[in-house]
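Note that chain A is present in both complexes that follow, paired respectively with chain B and with chain C.
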Partner chain A sequence: MEVMAISQISPDQVVYWQWKFVTINATLVYTWLVMFILVFGSWLVTRRLSPTIHSSRWQNFLEVVVSGIKGEIDEVSKGEAGHYLPFIGTLFLFIALANLLAIVPGYVAPTASLTTTAALAICVFIAVPLYGIAKQGIGEYLKEYFRPTFIFFPFHVMGELSRTLALTVRLFGNIMSHEKVIAILLSVTPLFFPVAMQILGLLIGLIQAYIFSILAMVYIASATQVHAEHEK
Partner chain B sequence: MDSATFIAMASIIAAGLCMGIGSLGPGLGQGRAVQSALSSMAQQPDERNSITRTLFVGLAMIESLAIYCFVISMILIFANPFWNYVIKKIGG
Partner chain C sequence: MHIDWFVFFAQIVNFLILVFLLKKFLYSRIIKAMENRENLIVSRFAEAETMKKEAAKSAALLEEKNKALAEKQEELVNQMVLSVEHQKKDLLEKARRDVDTVRERWQETMNREKDSFLQDLRQRAGIQIYSTVRRILKDMASADIEEQIVRVFIRQIENMDEKKRAIIKESMVKGGSGIIIQSSFPVSDPLRIIIRDTLKQHMGGTPEIQYEIADEIISGIELRACGHKLAWSINDYLETLEEDFAHALLEEARVKS
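On to the complex of A and B.
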């Protein structure tokens, strides 16, 4: 049942199919699985939406999830959740589902691979200046880099780069370390103790999804709101 | 002692030391953060939501230091660049 050997630290190393430079590994396959579940599931639920209070239980569930995410974004961005909900909500739902599916036997979380987390963090890295420029214009956004004086320019740039690296490594390290701990425990004390660790892993997975999306939201808010605070 | 044995021994010891010393500081820091968050939650239960959110963001920041140490020790054990170099030199 084990997909990965103990000495393999990344699902990238499990190769299912290879043709010249095109490689299909476990990370890709399980990312596609998560994407398929998200897209197909939401298509299935939103096919018949009902505006009355007599809605189906799945519509109820999605409404709870979406309004929960919206409330969290509202508190950080001071009431402009509509702009950021598609991006932040997608990040949260993808990471949460990718981590929570770990209770299915034979599944390897794609977030345990450095490539997936790097891709997600680069999305945040690109989205922060985009939202900042859309909010306050390109001149005002670039001026933020030279505040308070021009000496601070390299520190701002290094801050942007290092927090992207931190986002990447945090998610990767948490999920990968958890999978390794379970694999090692399975070979040392089988049956009971790994199950307890799996339950802890569900909590860790959800918290990491929360932290990733709330940090992305905090970064975006810091890029869009500094100017507004200066004007006050 | 040949160089392959020496590299293996050094990287295993370094991985253990890195994890042990590297988790000391973040452990102390997270303890202090949770302690003050708990006491402020006890004083002002109404502010529970914003305190919890700030606490999680702060914990994630502190925790990333320990995660860096963990990744370094994983690299030392599973993907050691010097080890591969020595093996290649011996093999070919």
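On to the complex of A and C.
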């Protein structure tokens, strides 16, 4: 079953329901599916957590995932993972699950939509100054845009915008192109080659989730730690 | 490739909701569980460390107790060995004393038996010798042994030294009770006359003579006057025989042992 025709480049184009500007398309539906799996799965596992040494397999799995993400954030943020874990962790888990579910026939990754990746990139774009201001105060944060001299202000702003754009396009490009490649290969060589490509797709999906979230963390860390480094 | 602005904002809201929900249902709970477990493990390690220290303390205490027990045991064993040695010595001493007592008793019994045997032997030998000698004398010389005994006795009175004679004479005068003549055989009247005459001749006066038969005298005759005695019997010969016999018995026993 094909949800999206090969000519349709984004799941945004698969519209299920529309009323005026309110549109329910494949992107939203599959986003909700991913959200439901994540939230319901978490609730199922964490409603009965064992504080002892003996715990369930799923609890172990979630502990490994969460402590892995926390470890990565710790490395970048130099030991302040607690503040950033919900934001960065959710970015990673959402993108990773959205990409990994591409193995399920009939599913279209919401990250293959430019709208989704742009929304996520905007979230990062807004989160970076918020974390920076929370950490350093608004004055200190804004001063960063004028360092070393005020001439650098436009470059700083352009850097912020361009990296947001880069985040958006990198994720969208990778996932969308992979989906298109699979679709084209299925029509050309419909047997083993697409399977190999699917495996490669899982790897790419995980790598992209890692890249997106680690870059977000790097941006946030750079916004929160510059002041401290200057002080040193 | 365009951006649907409704979906764009919806995705932002979706993402924020997801952050909230995951924070509530995943991160906080999982991190709390992990912290609890870490605390549990730390407390268990601390507990284990405490128990280890306590165990080491107990082990040291036990070792000390064992050492004390071993020392006490050694002391007790030494005491017991000493006590056993002492007891052994006592028992040996007692056994030795018992053996000595038994040996003494045995020796006494042996001596008694030997004495009784020799006494019996002397009695039998005396009787046997007496009857044999009497027969020999009768057959060979038609002589009576009792008469011969009396004659030997008379000769003894005649040959008595003066000192002894004076003592017997004095005791006869002092006592006034007369003379008692004891013999193992009845003295015939002719012999009685001879005895009276002899006494009269050598002691003076007319002594009153009383004759008695005594079984303990073996083939002999005795004169008793106020605690003084003049006698002849084959007892002397028999005593020599007994001495010889006892000597021979002892010699034989010594050779056998």
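Here, the second predicted complex is superposed on the first by the 232 of 232 C-alpha atoms of A that agree within 3 Å, B and C clash if a C-alpha of one lies under 4 Å from a C-alpha of the other, contacts with A are read in each partner's own complex, and residues count from 1 in each chain.
Keep in mind that, in the parts below, contacts are C-beta pairs under 8 Å (C-beta built on N, C-alpha and C of every residue); 3 or more make two chains touch, one makes a residue touch a chain.
Nothing here was measured: the structure is a model prediction, and the numbers come from that model.
Superimposing the complexes on chain A yields a three-chain arrangement in which chain B and chain C fit side by side. In the superposition on chain A, A:I214 makes contact with chain B only, while chain C stays out of contact range. When the two complexes are overlaid on their common chain A, residue A:K135 makes contact with neither chain B nor chain C. In the superposed model, A:C123 makes contact with chain C only, not with chain B.
After overlaying the two complexes on the shared chain, residue contacts for A:S177 are found with chain B alone; chain C is out of touch. Of the two partner chains placed by the overlay, chain B and chain C both lie in contact with A:I9. Applying the stated contact rule after C-alpha superposition, one finds that A:H83 touches neither chain B nor chain C.
Looking at the superposed arrangement, the partner reaching more residues of chain A, out of chain B and chain C, is C. Rounded to the nearest 10, the angle made at the CA centre of chain A by the CA centres of chain B and chain C in the overlaid structures is 130 degrees. Across the superposed structures, the minimum distance from chain B to chain C, using CA atoms, reads 6 Å. Note: residues 9 of chain A belong to the chain B contact set and to the chain C contact set alike, using the contact criterion stated above.
Residues of chain B touching chain A in their complex: 49-50, 53, 56-57, 60-61, 63-64, 67-68, 70-71, 74, 78-79. On the side of chain C, the complex with chain A involves touching residues 1-12, 14-19, 21-23, 25-27, 29-34, 36-37, 40-41. Listed in rising order, the residues of chain A touching chain C in the complex are 9-10, 12, 21-23, 25, 27-28, 31-32, 35, 38-39, 42-43, 46, 49-53, 55, 59, 62-63, 66-67, 70, 85-87, 89-90, 93-94, 110, 113-116, 118-120, 122-123. Chain A makes touch with chain B in their complex at residues 7, 9, 72, 75-76, 166, 169-170, 172-174, 176-177, 180, 207, 210-211, 214-215, 218.
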